[in-house]
Amino acid sequence: MISFTCDYNEGAHPAILERLLATNFIQQPGYGADCFTASAKARIREAVGCPQAEVFLLTGGTQTNSTVIATLLRDYQGVVAAQTGHIAVHEAGAVEYTGHKVLTLPQREGKLSARNLKSYLEAYYADGSYDHMVFPGMVYISFPTEYGTLYSKSELSAIYAVCKEYHLPLYVDGARLGYGLMSPACDVTIQELAQLCDVFTIGGTKVGALCGEAVVFPSGNAPEHFFTMVKQHGALVAKGRLLGVQFDTLFTDGLYFKIAQGAIDLAMKLKKLFLDKGYELFLDSPTNQQFILLTPSAAEALEGKVAYEVWETLSDGRKVVRFATSWATTPEQIDELAALLP
Amino acid sequence: MISFTCDYNEGAHPAILERLLATNFIQQPGYGADCFTASAKARIREAVGCPQAEVFLLTGGTQTNSTVIATLLRDYQGVVAAQTGHIAVHEAGAVEYTGHKVLTLPQREGKLSARNLKSYLEAYYADGSYDHMVFPGMVYISFPTEYGTLYSKSELSAIYAVCKEYHLPLYVDGARLGYGLMSPACDVTIQELAQLCDVFTIGGTKVGALCGEAVVFPSGNAPEHFFTMVKQHGALVAKGRLLGVQFDTLFTDGLYFKIAQGAIDLAMKLKKLFLDKGYELFLDSPTNQQFILLTPSAAEALEGKVAYEVWETLSDGRKVVRFATSWATTPEQIDELAALLP
Amino acid sequence: MISFTCDYNEGAHPAILERLLATNFIQQPGYGADCFTASAKARIREAVGCPQAEVFLLTGGTQTNSTVIATLLRDYQGVVAAQTGHIAVHEAGAVEYTGHKVLTLPQREGKLSARNLKSYLEAYYADGSYDHMVFPGMVYISFPTEYGTLYSKSELSAIYAVCKEYHLPLYVDGARLGYGLMSPACDVTIQELAQLCDVFTIGGTKVGALCGEAVVFPSGNAPEHFFTMVKQHGALVAKGRLLGVQFDTLFTDGLYFKIAQGAIDLAMKLKKLFLDKGYELFLDSPTNQQFILLTPSAAEALEGKVAYEVWETLSDGRKVVRFATSWATTPEQIDELAALLP
Amino acid sequence: MISFTCDYNEGAHPAILERLLATNFIQQPGYGADCFTASAKARIREAVGCPQAEVFLLTGGTQTNSTVIATLLRDYQGVVAAQTGHIAVHEAGAVEYTGHKVLTLPQREGKLSARNLKSYLEAYYADGSYDHMVFPGMVYISFPTEYGTLYSKSELSAIYAVCKEYHLPLYVDGARLGYGLMSPACDVTIQELAQLCDVFTIGGTKVGALCGEAVVFPSGNAPEHFFTMVKQHGALVAKGRLLGVQFDTLFTDGLYFKIAQGAIDLAMKLKKLFLDKGYELFLDSPTNQQFILLTPSAAEALEGKVAYEVWETLSDGRKVVRFATSWATTPEQIDELAALLP
């Protein structure tokens, strides 16, 4: 049984495990004050081209989103997101748990548009009773989105321009950042991304780490006492080295980008495989998540041999399914899928 | 430089790292539905002697405390703790962040007494305006305490009897549980502990794991939809295998207890070393944290060679310091300390 | 200048002020333990036909909504509401501030439908990852709605049937309840309403009181220690008599219903007035809030003489405006409007 | 039966009720935009000698405390208060419900001392792990305190100096402010008080109003969008005129101070009455709350005729009781008490 259900089916890139072993008995202080974390932060600052960036290493995605959002917002503010945004749908209300509303806007293929954002903001401030409502306090987008799609540089720039006009920090959730940046369709570099938002994350969990998300405040603009609030949110790891070693390894010799590239190459091969056999795409994703309309006969053929995630069943019997590749996917797995797929 | 500053200065027990390596490419579902987590839970249920126990694996201590406490309490309730309780002092207000008050009681060497607890509860309900106050909703104790001390079986039983009388769940924070259970002064087994409280944790982070705390509800009494609330608190790990593999390893062939025993043996040796050289104890801890009154000359002799944590400086110039051993401490390190200590 | 902007432009019904004066120096205990509150509760229990109902008197609408919702929900739950629901739009995020998501559904003229509710619930539980999402924990509707519309008895029954099937309490926000019940289009009595939900409010502020909302739990099903949580929410009034005297007066000899009837009669007269002069309705409201499409020339004619609330301006230059009558509206005011309206 | 149990046993000063009647049908906008509120604010600004002050009118004490505190604090901060502070004991955990810890310090007769405050702050910042703890973010004191005692001008100044040194806003809860200011023992004027803190309240509920607390930010230093947060806390009254009329009346011709003076005069008479008959004071309060040690025989004599509040029973059988006078207390009531007291 091969699984393409998600990009967190395996452990970690072997280089990470080796590094954990090699450094295991070096005594280091806790809570992120270790030398590995310091090195990881330096490498990330260099990779994103922001010498003054503040970098924090947290454990998981929902945790990171709710911590960043709660600490950036004032009590009277909410976070603007696409209706399909991860924080709006699949995080068990973690943002609301911190007291803040997720203000949702319409989306297209998982993406917010600058125009919709601007219309919403204009309408908000034009409404005579806006101070009885929740103030938009920041904007959240994911890159890639929950549908695997990407914002182009000009789309990002347009959104960021609106954010700046309304003094709203822009937060880019990069849980799958590597897979976005390495897509052939991506026209943004990580250095450019760092200039086009106020805070973004570099997802480790889905790109080769056991766990870990790096939060980057490009201009050193972290909220005051962010460290304490990370602890308050239960997001501070005693053995910060666990995260430090991982990100230090991922950002040595561009490992993070190389393994993401591998996953993208195989995702494109996988997509072609389906298209060549006449399957229709639910939407044309340029990243590691591929959304395909699977016929009942294909589903039957894969039964018990290939696992994937089912999103919904259409009235014609076809299923919207997701096949995800990852840093751990092998060419052999794609070949095996090719052999099985009718 | 040898460090005795805390019990989270190193990585993980080698058996854990080896197991992570060995299982790395076995594809498994996320969020704790993996086979390693299932096995770990089964082993823990067996170790604690509660076949019906519900077990959850979370990442860190503060996270676990605030998640367990917030989900057990109703809105009108607070958690009773010793004034020195970790949740009352060193968790950045994580419990209050979830909307609940920590109701503190006097302590002795870090311990609550059943008598003080009962007096407080009697006085609370005798107060005509108690419904204008915060209802005591559960009791929190740590085992060992923040001062390394232990509750005897009879002390625990007495506290639990009061809790039952007032229908208050008793929560035992076992961040250092192994070091408590393996102390020569401990007269409680883990199976007995499981009968003397409503929920307890088995700390992994400080006892050989990279991260991880197991939450045990001995009688299957977890709050409804605890899984979702773990996610809401940002405490759900996508790669649950990271925690599953660790606890599965720790609870195979009693590894957890063996490595805790090693730390305790060295802690006793360390204590004897200080006593033999005429140092006074701040308090007589039977576990892996030793609190010693260090003279200025001793501090000078260790300067730059041995690290420990300073709690406070007394008026006579001596410092209250903490030396912690752990699963990673070696006899050689104790010998080296012995050689350096005047 | 006459104002039809809202139904809280004046003070209180004179009978209330007289009663406050008459009882002013009778010494009574605080926090709702006074004899006036006791009497008010008894009268309300009788009026709603529920001898076992629990009744609480709070100050204002947003306060009441967030207190009721927060205390009925468990941490992992949110409240289902129409996208136009007051709690979803105009309460400054008060529900989210208590940690809960407002789960919005499409609406028609401000109303939820049983069918949409059921579809949503079916889809929710059919989704394999529903435990990563916010559980629907209760349903909120307003009666009348924010658009002045009403649920028929059969619509309410259908919604309540779905709620019961899914074990979701149904909460009816009756901030303008009197104006709904007295509408000629209403086919529900207050006694029937009490059987068709789990908790509802009887709005005082907009129906003749200075302030005050009565929360009714028809079957005595208030959350445990609701009193304490009311206090925790800052919703407990020290001089409970202020609310007790008001509701006691409003529910003596049916005053609440009589004054609501007066407002409805004048609202119907006002609507006819607009229709007779050829104005179009934005929607046909059967209650005290009338939504009219006002032409620029009419707006000009009323300028400085008649106040109303503007909701939006259409592309043809007409404005969607709201004219609200209330217990304090006089026939003379309607006549004056008639004289001014072109 | 005469009641001295508290200072909220009656309704409102007759001048307030008359004014409510006189203004009842003047149409005014809601939410505090009415002319009465504007006038009340102007009068309060004048009375406190701060032309630039921002003034907000809220309903009740707990509500006001939690709203002010939650909006002044950042997430990582708590509020410092005396262990006997109202927010620490008798507000059902309303502050914690907003996510913030109440950091309690020892007290003497209900008062914090500048020295204790400073020691605590010094120790906090001297602690190497202070960023794992809750940052002190503001200081709360009550004036008069829960024991009826007062801070002298020099005590207040000393506390405020410490606050300034540590950049902590000082918040003075003046739920009974009038009774403090009019005490013969008080050496602070309301204008001076406004210079010695960053925000204070002028309690209406206990000093002649039906309800209402005025929050004063002396230098116009209200948190941004305080209005919206007041709404979010459920503390915004639709008919703001209810509060506006009351405070406008109370601050016309010094009514607030005159009626407070009356209560103080009678409290002093009441105290003398007890002392003259040989009763002992629990503590010597200079304000309207008198704490007396009542003998069993006295309790018996008053039984069924005079009501007061019992705080606790001493081992010698005497009870610590509170007798409160108020703006509504009459000389005849004191005479009657004198006649009954053995």
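We call the chains A, B, C and D, going by the order they appear; numbering starts again at 1 in every chain.
Throughout what follows, contacts are C-beta pairs under 8 Å (C-beta built on N, C-alpha and C of every residue); 3 or more make two chains touch, one makes a residue touch a chain.
Nothing here was measured: the structure is a model prediction, and the numbers come from that model.
A.B. asks: Could you work out which chain's C-alpha centre is the most distant one from the centre of subunit A?
C.D. replies: Max centre-to-centre separation from subunit A belongs to D.
A.B. asks: Go through A-D and A-B and name the pair with more C-beta contacts between its chains.
C.D. replies: Looking at contacts between chains, A-B has the larger number.
A.B. asks: Hey, how far is the Cα centre of subunit A from the one of subunit D, in Å?
C.D. replies: 50
A.B. asks: How many angstrom between the C-alpha centroids of subunit B and subunit A?
C.D. replies: The computed centroid separation for subunit A versus subunit B comes out at 33 Å.
A.B. asks: Touching at least two other chains at once: which residues of subunit C meet that condition?
C.D. replies: 75-76, 91-93, 97, 99, 131-132, 228-229, 231-232
A.B. asks: Can you list the subunit B residues touching subunit A in their complex?
C.D. replies: Where subunit B meets subunit A, its residues are 1-3, 5-6, 8-12, 14, 17, 20-21, 23-30, 59-64, 66-67, 91-94, 97, 205-206, 210-211, 228-229, 231-239, 241-242, 328.
A.B. asks: What part of subunit C is in contact with subunit B in the complex they form?
C.D. replies: Listed in rising order, the residues of subunit C that touch subunit B are 31, 70-71, 74-76, 99, 131-132, 135, 224-225, 227-229, 231-232.
A.B. asks: Per the contact definition, I'd like the list of subunit D residues that touch subunit B in the complex.
C.D. replies: Per the touch definition, subunit D meets subunit B at residues 75-76, 78, 89-93, 96-102, 128-129, 131-134, 310.
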